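Alright, structures below, take your time with them.
Same chain, two partners: chain A is paired with chain B first, then with chain C.
What follows is the complex of A and B.
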């Protein structure tokens, strides 16, 4: 049935996509694997005619770097904290939104708003909300390095000022800021998916539960969560994938130094490590780190799929 | 006796429903309180951005912040345009956004058409292969692409910001699904009438898939508007720098090395404004696209 004219035409129409994909997608995959397995591969030296031995030295070096381990730790910590928090919060908001009639549309619109923002730009606003003066340490304004609207709110409720992101801030404070920002950023997509799921749930289940006098919490855990489980699994998986690629949100808050002043790279991530290696022309190291990142994402995704297969009710 | 029981039972029932109703109202109130508080938290950064962008530097630095500027400083906005060269950055971003969107749409439509309508050897294998590349984190491509564009001599050009990202497997997939819903009989009828593929695409397929095409257009434009990492690597000169890359950096430092934060916030607000307008008018199309992807921009 396949006539030659259609063959010819199909390849013609596909040719721009295929050519670009070959150059910018397929070749990079092959080349990354090649560079990762050439010990100490550097682009500049390779261009100068140097040769490299095949081996796993890049991987060995990467995983023995303290810097890499701290990047891995930061990324994993942010993932483990933000994915459950944002998923639970989104679920709660979606369920509440689904249960009301008045104001549902306007509230839904508001909750979707953070989706269409520039991560760097709004990150700078968050930085300004936590601590207003970023670079005044060592000057006469040093004393107010704790100022900021969030701190005003905290002191209003009887707490004390926290140095969130300025020089001298603690790692915990930095992480709290990142978690708040990442969750804020992650909510819209999750609410959108979960609310969409809720709206397609058959109302009869709830009516049956009402007739039986089932309590709200029981209805939530026994009906809503199981029926929503495919969507929950979806937002958790995409959340982890996005979480392991965290980068711009940290640039937004801390700038491209990826840490508070005087502590560059304290909050660096896996992606940040890859770009640092690339900037210092260590393509072999960058490739090895990228393959490790890919491996982690793959394993986490498969793990999630495995768990959801057991727990998700379709 | 039985009358009594009946009355008692009715009383019980009305008591129960009254309880349930009271509980229902309390739950309603709690629901609204929770939602409104969350909505305020979501909105607060936007308010704070506007508020901060209109203050003087001194008022901005006050340790007890004001909730509305004492002197509204619209001049921060012109200042932002001046010091950060925002006009040029906007222009660059629009040029890159428009050209890459148009070219990307042409490539996506042609590919989706081939996958949805034409029969050729290896079609399924090729399509599966394309989908498989979606699994791979983009950073993995960047390492090699950085070298490739360097070898091609594309550093600090518009080309480097446009060409490497023209093909999106996800958009091809999205549009193919849409094309598949259009009955094949239409195509065969058009063939009998001697209509060319391009004319058929233009007159039938594209109009019928317009919502998906609009979604792709918006997401692609937003992608250009929000891209940060790649431009930071390959286009750092003023002539080609994109808007996001101009926000962070040294543009807002004054002579004494202190940052003019209100002007910086004004720049942030200016960058957010187009996105906000897109959101207000074209939300429906964004939602259509993103609910199927899970990717930002």
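What follows is the complex of A and C.
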């Protein structure tokens, strides 16, 4: 315990961090809760001296807003699709990477590249691969639905062109593009964590399994997966949290209209909804939506933790 | 089931990629483990004993030579097909499985004709657990067990599939001293009860001597001596073996042979007829000293250590520490400057100074 007379020193040294946290983290959280519960709160009017009544009107507005449900649906759908796919793929790649000796380091670097590349930039590349670049929106009348590497590959193998993201594209096609993109983007971090986990597994477990004649698949499911379960739980939980905050990936592909031309906001997400509310000077509604999102993430994370308590060994 | 190793050699590539030097871990190892015997591979760390064990298990491939289980050539057989039970130094129990699941694990791998029903598996697991006396811990996780209990689970897991050969890698090194004594007797008992040919590796000579039917002393990948523990102790072939066996270790002096008499310093300690005049190393076991005021060997006394059953006299001769063990009813004056000993001839060995080979007399 620090001497009482010396404590001011400790506080002094802590103060830069504490002040920054108070200003940029603690107060915004408190203020979000405050704004959410002030009916129809608008920042500009508040600055002009207007007063707002305390109430839950913002929440009612959010929930009854017809776009809210589609935002929630998009977000949940992307989460449910991308988290399992990316986790399984990452596990597979990590196991493969771990079992090769040659080229392990260069491949590791290559797999990690998406992580250090700008989301929007990758999104634009993906948009080009699937049809046209997101920023072409505005010239939507020129349909270029047969462009892009992916369609070239499909036609090379005798398939027909798919309109992935342009005007007239189907919702399913849009979601497929988003899933591919989000999974690809989520892989590096997961591979990194799982590979780290694999490398810390004692090799003798595998030697013991080998001496006992354990088949490869049984070794994988009965030894590797259980021993990796803490890391798997970690990537799943952070995957869901990240998935519920999905926004910039959609902007990356579809541009800030969050949907194919003529269908603005078809792929809007929860975070997109919050941003839209903010930009239309509806801070009260945005705060309420943010709190709802927080609640959803909290519930999902608790669910995850509950499940992993049963499944995660040691 | 006897295990035959024929000119087995293991060469590891050098760690340093640039140099082409290789490491010869096991050099031309030829030895037969007799059926149903407990054999200890003994040597300092890095002498190739674990490598030899892993080559028997199949986890490491031989670089040269052949391995037979009875008449089957298993040299190129994969580890899983050899039917060996292996107990790792740190046990390698699956941490996420209970004791029961750990023991069942090898049985669940069996396929085809060997496949067992659930009841048969449970029955075998319980039998193996009873053999090592852990049948009351079946529902615990390895982390909830003590080191000795984990060790037993590892042995049960190795035994449950009824291996042709049981291999133990430093089985006692992770246990505390008291548990080590207990467990080594346990290993002996289990080996006797099952009659499985067993090879174990240790750097602890006491451990190897106490439970092995045969010991193989190794140094830098080369077999030094093979024999019954007592025979090797009483009749070491070279200075290395003599030094490696016995606690406290053998006392080594610079000496010389002149006209059939053995000298340590200026003291003529023993008659060694038939040995030509030469410089030698003289090894004297601690129990080979007889406290004798009229003895030929004189040393300057440093101290006396009481150990209850006997006492250990620590003295110095030509700057070297001499440790002797004498019966505790001998009374030594601790204030005396010098202590004199006569030597028991069968506890004295002389070695060629250049080759360190034993010279018999």
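The rule is short, and it goes like this: the second predicted complex is superposed on the first by the 297 of 314 C-alpha atoms of A that agree within 3 Å, B and C clash if a C-alpha of one lies under 4 Å from a C-alpha of the other, contacts with A are read in each partner's own complex, and residues count from 1 in each chain.
The definition used in the following text is that a contact is a pair of C-beta atoms (placed from the backbone, for glycine too) under 8 Å apart; a residue touches a chain by one contact, two chains touch by 3 or more.
Since the model is a prediction, treat every value here as computed from it, not as a measurement.
Asker: Clash or fit: what happens to chain B and chain C when chain A is overlaid?
Answerer: Once both complexes are aligned on chain A, chain B and chain C fit side by side.
Asker: Which of the two partners, first being chain B and second being chain C, lies in contact with A:117: first, second, both, or neither?
Answerer: A:117 contacts chain B only, not chain C.
Asker: For A:283 in the superposed arrangement: first (chain B), second (chain C), both or neither?
Answerer: first
Asker: Figure out whether A:223 sits in contact with chain B (first) or chain C (second), or with both, or with neither.
Answerer: After superposing on A, A:223 lies in contact with chain C but is clear of chain B.
Asker: In the overlay of the two complexes, what angle sits at the CA centre of chain A between those of chain B and chain C, given in steps of 10 degrees?
Answerer: Rounded to the nearest ten degrees, it is 70.
Asker: Between chain B (first) and chain C (second), which does A:204 come into contact with in this model arrangement: first, second, both, or neither?
Answerer: In the superposed model, A:204 contacts chain C only, not chain B.
Asker: Just checking: does A:167 make contact with chain B only, chain C only, both, or neither of them? Give me first, second, both or neither.
Answerer: A:167 sits against neither chain B nor chain C.
Asker: Among the partners chain B and chain C, which is in contact with a greater number of residues of chain A?
Answerer: B
Asker: Taking the superposed arrangement, what is the smallest distance in Å from a C-alpha atom of chain B to one of chain C?
Answerer: It comes out at 5 Å between the closest C-alpha atoms.
Asker: Please give the residue numbers of chain C that touch chain A in the complex, ascending.
Answerer: Where chain C meets chain A, its residues are 57-59, 79-81, 84-86, 88, 90, 92, 94-97, 105-106, 108-110, 141, 143, 157, 161.
Asker: Quick one: which bits of chain A touch chain C in the complex? Just the residue numbers, please.
Answerer: Chain A residues touching chain C: 202, 204-205, 207-215, 218, 222-223, 226-227, 229, 313-314.
Asker: Mind pulling up the chain B residues that touch chain A in the complex?
Answerer: 27-28, 31-32, 34-36, 38-39, 41-46, 48-49, 52, 60-65, 106-108, 110-111, 113-115, 118-121, 123, 126, 130, 133, 135-148, 163-167, 169, 172, 197, 222, 225-226, 228-229, 232-233, 244, 247-248, 257-259, 261, 264-265, 268, 271-272, 275-276, 278-279, 283, 286-287, 290-291, 294, 296
Asker: Mind pulling up the chain A residues that touch chain B in the complex?
Answerer: The contact residues of chain A facing chain B are 1-3, 6-7, 9-11, 13-14, 16-17, 20-21, 23-29, 31-32, 35, 43, 89, 92-93, 96-97, 99-100, 103, 107, 109-122, 124-126, 128-129, 132-136, 141, 144, 147-149, 152, 184, 187, 189, 192-193, 196, 216, 234-235, 238, 241-242, 244-245, 247-248, 251-252, 255-256, 271, 274-275, 278-279, 283, 286-287, 290-291, 293-294, 297-298.
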